[in-house]
Amino acid sequence: MRSRVNTGIDGLNEMLGGGIPTGNQVIIAGGPGTGKTLLCLEFLYKNALAGEKCILFSLEEDSKMILANMKEAYEQYTEIDRLISERKFIIKGTDQASSLIQKDKKGNIFTFTTTIADIESTILEEGATRVAIDSVSVMKLFVKDPFEYRSVSTTLVTMLRKQNVTSLLTMEIDTPEKEKLIFEPEFFIYDGIIVMYLSGAAEENRVPTVEIIKMRGTKHSFSTVPYEITPSGIGLLLIPHRE
Amino acid sequence: MRSRVNTGIDGLNEMLGGGIPTGNQVIIAGGPGTGKTLLCLEFLYKNALAGEKCILFSLEEDSKMILANMKEAYEQYTEIDRLISERKFIIKGTDQASSLIQKDKKGNIFTFTTTIADIESTILEEGATRVAIDSVSVMKLFVKDPFEYRSVSTTLVTMLRKQNVTSLLTMEIDTPEKEKLIFEPEFFIYDGIIVMYLSGAAEENRVPTVEIIKMRGTKHSFSTVPYEITPSGIGLLLIPHRE
Amino acid sequence: MRSRVNTGIDGLNEMLGGGIPTGNQVIIAGGPGTGKTLLCLEFLYKNALAGEKCILFSLEEDSKMILANMKEAYEQYTEIDRLISERKFIIKGTDQASSLIQKDKKGNIFTFTTTIADIESTILEEGATRVAIDSVSVMKLFVKDPFEYRSVSTTLVTMLRKQNVTSLLTMEIDTPEKEKLIFEPEFFIYDGIIVMYLSGAAEENRVPTVEIIKMRGTKHSFSTVPYEITPSGIGLLLIPHRE
Amino acid sequence: MRSRVNTGIDGLNEMLGGGIPTGNQVIIAGGPGTGKTLLCLEFLYKNALAGEKCILFSLEEDSKMILANMKEAYEQYTEIDRLISERKFIIKGTDQASSLIQKDKKGNIFTFTTTIADIESTILEEGATRVAIDSVSVMKLFVKDPFEYRSVSTTLVTMLRKQNVTSLLTMEIDTPEKEKLIFEPEFFIYDGIIVMYLSGAAEENRVPTVEIIKMRGTKHSFSTVPYEITPSGIGLLLIPHRE
Amino acid sequence: MRSRVNTGIDGLNEMLGGGIPTGNQVIIAGGPGTGKTLLCLEFLYKNALAGEKCILFSLEEDSKMILANMKEAYEQYTEIDRLISERKFIIKGTDQASSLIQKDKKGNIFTFTTTIADIESTILEEGATRVAIDSVSVMKLFVKDPFEYRSVSTTLVTMLRKQNVTSLLTMEIDTPEKEKLIFEPEFFIYDGIIVMYLSGAAEENRVPTVEIIKMRGTKHSFSTVPYEITPSGIGLLLIPHRE
Amino acid sequence: MRSRVNTGIDGLNEMLGGGIPTGNQVIIAGGPGTGKTLLCLEFLYKNALAGEKCILFSLEEDSKMILANMKEAYEQYTEIDRLISERKFIIKGTDQASSLIQKDKKGNIFTFTTTIADIESTILEEGATRVAIDSVSVMKLFVKDPFEYRSVSTTLVTMLRKQNVTSLLTMEIDTPEKEKLIFEPEFFIYDGIIVMYLSGAAEENRVPTVEIIKMRGTKHSFSTVPYEITPSGIGLLLIPHRE
């Protein structure tokens, strides 16, 4: 049996039949405000506590702000300073990634080749086994040509596979509703797809829910499960019977 | 705990668990007539009363007209003349922003680089801590290339973060209905997203409602809350139990 | 309090809390057959009767035909010949606007710069205070580049504001139904937006209704109100309680 | 009062408050199979019987085939041979219109300037007062550039107005359903718009219905009225009370 | 009365008031799996049995495979070998049509001019009176420019009219559902349009139905009629009362 | 009667009236996570057991990972190692397909001509009779021009027909719902189309279902049948009465 990686969330592990198969590159898709970044933090924190070497590559936020928000919102991260000082939990934000956004010679197309090379060399140097990239949508935003974007995505996934890490990659989608979900054409290059929704009709409160669309190497639940974001992290409200 | 900034509206502060985390750059999205400009005015007026240095950059209206409409519609702004004369509340309208709309050398593409530089130098000169930009959609309207627009948006947000202000940035959306909301691809670069709706089926009156989609650095309500625009400002009709 | 301008229709004035704030540039949006032209005629006729100098710029119809249709359809315009002879009510149709449609040097792009200049000089010469332009969609139809169109729209609105007139500008929309309304991206440059619908499912008669989406400088009703076109003009069937 | 032209169909005249105001250029829009051509034939035949000079310009069919189909389907056209021999009813089909489809010098763009000139000279030579053009969609099909198409449409309407004829112009739309109707951006250049639907859900028979969307120079019904195509022509099944 | 051609299916003849008017060029539109090819085979087989000279031009399949599938699926074609040997029923598949797919000088645009010329010379040589082309969508698939495609379609229809054959031309549509049917802009150049649906909601079986949208030269049913594909061909399940 | 090929799944054979007609090239369309790859594995494994020579060409995954996932998820593949060592079941993954992704001389367009040639020579060398290609969407992802893509698809299908194999070709679609299925324009070049759905409204679990849209050379069920993925493979939950 392929070994499993803890997602950091008990109910999600249960839905996955034990966790993410080691070595999978998994998309966490969702609209703004669904908690994609928090899911990455949970995943890395729990794995770091368990002794894995974990790195968050944030293409959106400053590493100090990420740490501040993390401490602010969740009481549970009591070991975070220790893990950071022991280099078990490494945050690479927009402040470190000096090479993140680069124009090519024409001046108005961004290239991410150097970014991917930087990520690779950091993984190698640190010997990381668990990685989160938040978010790959930055590439979509700045790469004009969809074929260039798909080529960059393929390069990124191939690199992560070669480094043999287990990764979460967040991706923005343009709707909060399950009914309107449209699959991106490149979704099939990833080993797993987990979607986070914020459903709610006109006069209703939105309810966050999570669904596993695909996970190579394991059977998984087909349920859409509500969750809540509590001071001790993401909690699935209903642990469905594993199907 | 990260400090909070008063939105100017009690119910909205409540929904945000105390206010906007200081230093956040927040989108106020909504269709025409939803009260986005009024929300900016409330935010700046209340913060100016509390001693903060506040600037409204209007890319749409003349500063004298803004002031006239403000006095006309809302009885509550009794201190506005004093705050303006003390330079606590500064209105920069289309009359001052001589550099707002500029054609590049090809003659038909607008550039906003000078506009952003002007906004930055005004913030610096005045020592502003609270800023509203009404609206960033002017940039979308006149920047042909969506990648140029995203680049300009990123430049604007990066500048505001560097200046360490707390900002509201209004953005037009093409539908008044919550059900039809589609997230813009660049939404994730902002720290918060608040949406104002005007819902109402064919034979019904429209009801204005407000929803917080995302706010970095705090937990927030997932409710969609009706509000009304009264002579004393925006009032949320239902203060939901904080979730 | 900002002074108000009579829309020509009692119920609509009521919905606007007294009328259109003087100096506003207001879009009248609607599909074909909704009565946008009639609303302009009512607005100008009633203002001309009250002593204002009024001009209709029709970019669609011949001035003689407009006058003939006006007399044919509505018994109420009993003073129209006097007002025209006193130059209180001026109709500029496609017959006079020799400069309306112009090709640029490439031969297939229309320019409206001269048209706007003609409108401006007519307003100046006549000392007009109330203006209707029917319809600005002619510009949309013939200006290929949406950015050129938005630039022309901005130029027109800026000119009208400088001339300090109160204006109605009609605009075609592609659906008769309130549920399908999509806001045009340039809507926010106008001071007010009033939409006229012709709603009706497959087997029903269409019912004309009117809604105020936005009006700077006043509070307004959020109702969608049915109206009928009678020999004495547009009558709102339900005068809603002002909200 | 502006004089009226018989549409050839009693119920439709009733809906129009007596008929089409003389000199109007009216679009007959509808999907395939709705009876647009038949409506043109009824209009021209009844007007020819009443002594008007009538011409059908068919841009789709051969004149002999039109006449054969006309005789085949409808018993009522008993005077058609006489009217044709007296040149009261003239059919110009694709066989005569040698100049109809022309490539420009680039070889793959069609031009309709000669077609419009041919139509004009035929109207002039014959002294026609009633005209039908079936269908203007041929122009849309072969004119690549929508701006070229709108320019051609404007040229055609302006020519017809100058010749002072009353015209029906058929136009194909892409849906048979009233609920899905989207107005074409150039609809407002025409004096009237009549739409023919073929409504019917999945398991239902389609029912043909007709609706007047707009008619300059008259008030009209807002009803959508079922009709049937009988051996004696188009019959409206319900003569609605005129509103 | 124009003479009629047997469609090969009794119920469909009934719906058409006797059959297809001789000389009509008729589109058979439908999604994959609706039985368009079978309808062509029925049409040609029954007409060949009645002594007409019939040709199937398949732009999709090999002639031997067509014959094998024909014999496999339908017991009824007992005379097919005789009709083929007597050259009453001719199948031209992708194996014979050596000239079918051709690149122009630029290397990546397909031209169908030679294909149409080949079809014409085969019709002439064989003296064919009934023709089926399966499917014209091959042209849509490989002709990049929609205007080129429309030009090719017009050329094909004009050629078939000149040869005075009665034809069925199959066309793929992108939806199986009647509710989603959108008319193609070139539909009006054909004399008739028959649509085959495969309707069925999420948990239901699909039901094949057929509808006549348009047929020049005859009145026809407006019903949507279920059919089934049996060993003895296509059977309409409900012969509707002719309207 | 044309001979039939076992799909590997009893219920699906039943729906097909015995299996896939030998020599058909069949699309397996579905969103991510529907089990398309598993269906290919079942098809090849069962045919290899029956003595056929079977090859899986994976354009997405490494052959070792495919084998590992196969063993992990399904207990039933007890003979797989023997079949592989006897070269009855051959897996060609992204590790072997060195020629898979190739840039042309312009550097940013991928060509699949060499890939197709490699597939052809492998089929020839091994004498394969059953083939699965997982997935052809890789070609869609990297071929910019839809006409180039269609040309490549046609080349692939023509090659497979010439080699006389029976094939499954998986294709990603952008929606999991039957109601939203839109047929791709090139669907008709394939001999069969089977669609796998994952239906489920907002608060429901998704249910996997399968539907045969088209299959040349046999009659088939029009049912949409739920299935489940069990340790012993794909099981149809309802064997529908064959229609």
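Labels for the chains are A, B, C, D, E and F, by order of writing; each one numbers its residues from 1.
Simple rule for what comes next: a residue touches a chain if its C-beta (ideal position, glycine included) is under 8 Å from a C-beta of that chain, and two chains touch if they have at least 3 such contacts.
Everything numeric in this text was worked out from a predicted model, so none of it was measured.
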Lowest number of touching-chain links that must be crossed from chain A to chain F: 1
Partner chains that chain C and chain E have in common: D
Shortest walk length in steps over touching chains, chain B through to chain F: 2
Identity of the chain that, by mean CA position, is farthest from chain C: F
Most distant chain from chain B by Cα centroid: E
Superposition rotation for chain E onto chain F, Cα-based, multiple of 5°: 60
Self-contact between copies chain B and chain C, residue sets same or different by half: different
Chain A and chain D: spacing of chain centres that average the CA atoms, whole Å: 60
Centroid spacing, where centroids are CA-atom means, of chain A and chain B in whole angstrom: 30
Geometric centre distance via CA averages, chain C-chain A, whole Å: 52
Pairwise touch network: line, ring, star, complete, or other: ring
Chain B residues touching chain C - in the complex, by the definition given at the top: 31-33, 60-62, 65, 68-69, 72-73, 101, 108-109, 135, 137, 140-142, 144, 172-176, 198, 200-208, 229
Residues of chain B that touch chain A when the two form their complex: 1-2, 21, 23, 145, 147-148, 150-151, 154, 161, 177-179, 181-189, 193, 197, 199, 209, 211-219, 221-224, 240, 243
